[in-house]
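In what follows, structures are represented as C-alpha cells.
Shared chain: chain A. Partners: chain B in the first complex, chain C in the second.
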Partner chain A sequence: MSTHPFITLTCPAGIHWVWDSGQVIIVDEGTQNTWHLRGFDALAWDYLMLGTSFHDLVTILSALMDLPPQEMETRLADCLRNWQIGGLLQQKEEAVHG
Partner chain B sequence: MANLIISRLCDMACSYCFARDFMKEQSTNGSPHFITLADFEKRLDFLTRSDIREIRLLGGEPTLHPDFATLLRQAYQRGRRILVFTHGWLEESALAALEALPETAVMVMVNMNAQPRSKNESKYSPTRREQILKRLGSRLTLGYNIHTPVFDLEPLLDLISRTGIRHVIRLGLAQPALNGSNTYLHPRLYPVVGQRIAHFGQAASRAGIKLEFDCGFVPCMFSADDRQAMQHDHPDLGWHCDPIPDLDLDDQAFHCFPLARKVHTTFNTAEDITAIRDRLIEQVKPYRISGIYRECSSCDFKMNGECPGGCLSSTLHRFHPAQIRLQVPGSALQP
Partner chain C sequence: MLDQKTVPTEVFVIPITEQCDLLYAPLHQFSALVNPQATRQLQQTISNGAPYAEALQPILTSLHAVSLAPIPVRSGPLNDPYFLGLIPTRGCNLACRYCDFEPPEKDGRVMSLSVVRGAIDAYLHLLFDSARTRGEIHFFGGEPFHTRQPVIAAVEYASLRAAELGLTIRFEATTNGIYDPAFCQWIADHFDAVVLSLDGPADIQNLHRPARDGSPSSAIVERSAAIFSQSNLELVVRACISGATASRMPEIAAWVADNFSPTALCFEPLQPTLGSAAAGLLPPDPWDFAENFVQACRLLDERGIEAVYSMADISQIRSSFCPLGKDALIVGPDGMISACYLLPSAWEEQGLDLVIGRLAPDGLDLDPAAVQRVRLLAGREKPLCAGCLCLYHYAGGCHVHHSTNPGKYDNACIQARTITIARLLHGLGQPALAAAWLSDRPRLQRSILQPSDRLFQQN
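Our next item is the complex of A and B:
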C-alpha cells in the first residue's frame, strides 16, 4: 500500500466574491482586504467556485488558452500558491491510500 | 442626524418592510418592545454631547409607544429638531402630542403606502388618515416606498393640495433586508421605475411640489435628459447611501435596517456618534468598491464620487460566499 499525499484547499470563512466590470472582486471580511482578479486568475476562480476539480480545471483552461496541460498545471499551481499566501485559500493535508 | 428606535411594534404588515424580520426576531427572543424613559433620556444626553441637532424617531411604529407624548416632550425640551416616521393612522393621544409642539420643532414623515395588518376599516380608512394629515398641516411630508415597477403617485398631488401639508414628496426604493424575506425592487427594474418617476416629476413640478430621494437611488436609472430635467426641477435629489446610524433599544447601532443583521456595533452612551458611524462604515468599506450593477466599479458616476453605487444591501446581495473544497496533488504545489 502506498500513500499519495493530496492537499485539500478550502476558503476561510468571510470570503465573498462577485463578477464586476469584467473582473472578479473578492472581499475578505476577516482582513478587510479586497482582491481584483482579471483574465486567467478570474477565470480560474470562477471555475473553482463552480466546484470544478483540479484535473478538469487543467483540461478546460488548457483548451481555452491553447496551452499544453503540463504548462497549464504549473500556471494553475502558481495561482493557487499565491492565493494561499494571500489568505484566499487555506490548506488541509490528507493522505489518499491507493 | 440620528435615528432612535423607540418601538419594535408595528400595526402594519408592509410586504416591503426591511425591518420586519429583524423586529420579529428581537421580539421572539424576549427583548423589550419599547425604549424606557430612562434609556431615552440617556440617548438624548448622548446626542446632545455629539451635537446632533435632529433626532428622528422610528420603529416599528414609534407612535405606538405608550409614553410617546412624554418622549416627544423630552426631546423638544432639549432643543432638538424632531422628525417622526409614521404610517399616519395616529391615535388621538399621539396626534395631540404632535400638535402641541411648534411646527418648526416637530416634523412628521408619513409613509403613504403602508399596508394595515388589521381589516378595521374605520381605523385605517383613507378618510381618517386624511383628517389626520390636515391636522398635522405643514409639519407633514408625504413619503412613498416604491416596491413594484408599476405605481401611481398622482393621487398624492391632489392630497397635498386638499390638506395643506408640505409641498414635498419623499420617494424611497424598497431595498432587500440582507438574509431577510421582504419584497424589494430589484435593481434591474430601476430604469423602468426611473422613467415613471421622471414623468411624475414633471407633474409634481407643475403643481409646485418638490421631490426628494431617500437613499439607494442611482443616476443611471434615468436617461441623461430625464436626469437633467429632474435635477433642474427638484434640486434636493441625491444619490446616497450612508449610515445615519440607527440606534436600537439594546445598545446596538446598525448601519441601516436592511443591513441590521450584518453591520452592527455595540455602543455606549459615553461615546460620540461619529465614532459609532465610523465603525459601521469601516465594516463595509471593502464592499464599496462594487455596486448594485456589474458595471458599477468602472462607472464614471462612481469613479468621480457622484454615486456610491446604490444601496449597499443590494450590493451585498450580489456577492457569493466563496465555498470550495479542491483536492490538489501535493507535488503540483511544491514550489
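Our next item is the complex of A and C:
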C-alpha cells in the first residue's frame, strides 16, 4: 500500500483579490499588505483560482510557454512556495491510499 | 454657382407621404425632408444646371461638398487584420430549436493548445510588425465556452504575450450564458464585451433555447446576464425574434431594461432552418418586425440602451456587412483560417470558398490568391442593392445567406429598408411622421417596394 499526499491550497481568510487590466491585485484585509501579480505569476494565480490542479497547470503552461514539463513544474512549485511563505496561500494536507 | 464637375450621384429619395419625400445621401452624411416639387427641382438642377429656389441652396451645397469615399477593396499582403477570431469548438450545451449547427457528437473537435498558441503568436506579431498598439480577439462557436480550456488559455496567453509586446487586446465573445457563477465572473473579469443570446422572458427563452436534455435554460442565462450587468464589461443582449414573438418586441425590450444593464439590445429575426420548421417556429413577418423594432427602439432609448438591428446600422459607411472583406483571421478548431465564422458547409452550399489559409508551425500560411478572392467577393457588384438607400450600410447583408442577384426585395431587405428609413426620420426629429408612416401599410409598402431609390438612375 502506498500513500500519495495530495495538497490542497486555498486562500486564507482575509485574502481578497481582483483581476484588473491584466494584473492580479491581492489584498490582505488583516495586514493591509498588497501584492501586484503580473505576467506569468498573474496567469498562474488566475488558473489556480479557477480550481486548476497543479498537474493540469503544468501540462497547460508547458504547452503554452513551450517549456519542458519538468522546468515548468519547478517554476510553478517555486511560485506556490513563495505565495505560501507570503501568506497568500495556505495548505490543507489530505492522504489518499492507493 | 455650383460646380457641375462634382455631381453627386449617390443620392436617394423615398416618398414618405403625398407631401413629403426623404432625401438621403449617405456618403455626404446628409438627410432632409423635402416636398416632391423640391425633389424634381433638385433633379433638374443637379443634372443640367436648371435654376433653383433659394430655399434649396443649403441642400445643394451639402450635396456638392466633398463626400466620403466608398470603402475600397483591400489589396496587397494581409498585414492589418480586422480581428483574430477563434472558434474553440463547434459544440454546444444547448439545443436551440432554430440552430443549424451540427450537434457536438457530429463535430467534437476542440482547438488544441498548440493551435491557440500559434494563432495568438502569429496575430500579435502581425500587430507588432505593423506598429499597431491595439488588437481584438473574438470567440465564436457553437458555444465558445462549451470547452473552457482553449478559451482560458487563449485569454491568459494573449494577455501575457500582449503585455510583453506593449499591446492592448480587447476580448469579445458571443455566448449562450450557460455556466456556473464562478466561471461567469471569470468571463466578466477578463472580457471587454459579451454578446449574450437571450431571447426574452422565460416562456420565450425556454421555448426557443432549451438545454440538450430539454430542460429550461432561462434561469441560468438570466443569472449570467445579472453577473455581466454588475461588471464593467460591455453587455449586448441578442434576442432572436420569431413570428410569434415579433409583437412582443416592446415587451422584451422592457423586460431586458428592467432586469439587466446592457449597453445594447440586438434583435435578430429568426432564420428558417430544418430545426425551426420542425419546431413550428417561423420567421417574423418583416413589416411586423420593423414596426415593433421601432417601438422597442423608442422604449430602449428612454432607458439609455441602444436598440440594434445589425442590418440597419446607419452609423458607418461599409462595403461589407460582416467581417468578410475586412481581413479578419478566423481560426477554426483544426487551425484552418477562413474569412467567415459560419460552418464551412454553409458557404460551400452556396459555391463559395472562404478559406484563406492554415496555421503552420512557423506562423500564418495564407494563400494570397484566396485572400484577394475573398476581398473581391465583398466588394462585388450587388444588382439587388444598386438602387437601395441601404447600399452603403446593409451592403447586401450576409454574403453566404443573402442573395443580391437581381430580383425583388426579400424579408431581410424589407426589414433593413424600413428600419433605416424610420431611423433617418427619427434623426430628423420626426418620430410622429415615422410612426404614422409605419402604421399606414399601403403607404409603407409603396415606399419600401419601389424598385429604385436613386434620385438619378444609373446607366
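Throughout what follows, the second predicted complex is superposed on the first by the 98 of 98 C-alpha atoms of A that agree within 3 Å, B and C clash if a C-alpha of one lies under 4 Å from a C-alpha of the other, contacts with A are read in each partner's own complex, and residues count from 1 in each chain.
The rule is short, and it goes like this: a residue touches a chain if its C-beta (ideal position, glycine included) is under 8 Å from a C-beta of that chain, and two chains touch if they have at least 3 such contacts.
Keep in mind that this is a model prediction, so the values were computed, not measured.
Look at chain A after the overlay: chain B and chain C fit there side by side. Of the two partner chains placed by superposition, only chain C is touched by A:L43; chain B is not. Of the two partners, chain B and chain C, it is B that touches more residues of chain A. Once the two complexes are overlaid on the shared chain, A:Q32 sits against chain B while remaining clear of chain C.
Within the superposed three-chain model, A:Q70 lies out of touch with both chain B and chain C [touch as defined at top]. In the overlay built on the shared chain, the residue A:T8 is in contact with chain B alone; chain C does not reach it. In the superposed pair of complexes, A:V18 makes contact with chain B and with chain C alike. When the two structures are aligned on the shared chain, A:S53 is found in touch with chain B, with no touch to chain C. In the superposed pair of complexes, A:Q90 makes contact with neither chain B nor chain C. When the two complexes are overlaid on their common chain A, residue A:N82 makes contact with neither chain B nor chain C. Seen from the C-alpha centre of chain A, the directions to the centres of chain B and chain C diverge by 60°, a value given as a multiple of 10 for the model superposed on chain A. Overlay on chain A (Cα): least separation between chain B and chain C is 5 Å. In the superposition on chain A, the residues of chain A contacting both chain B and chain C are 18-19, 22. The part of chain B that touches chain A in the complex is made up of residues 282, 285-287, 289-291, 294-298, 316, 318-330, 332-333, 335. For chain C in complex with chain A, the touching residues are 113-114, 116-117, 149, 152-153, 156-157, 159-160, 162-164, 182-183, 186, 189-190.
Chain A contributes residues 4-11, 15-23, 25-29, 32-34, 48-49, 51, 53-54, 73, 76-77, 80-81, 88-89, 93-94 to its touches with chain B in the complex. Per the touch definition, chain A reaches chain C in the complex via residues 18-19, 22, 38-40, 42-43, 46-47, 50, 60, 63-64, 66.
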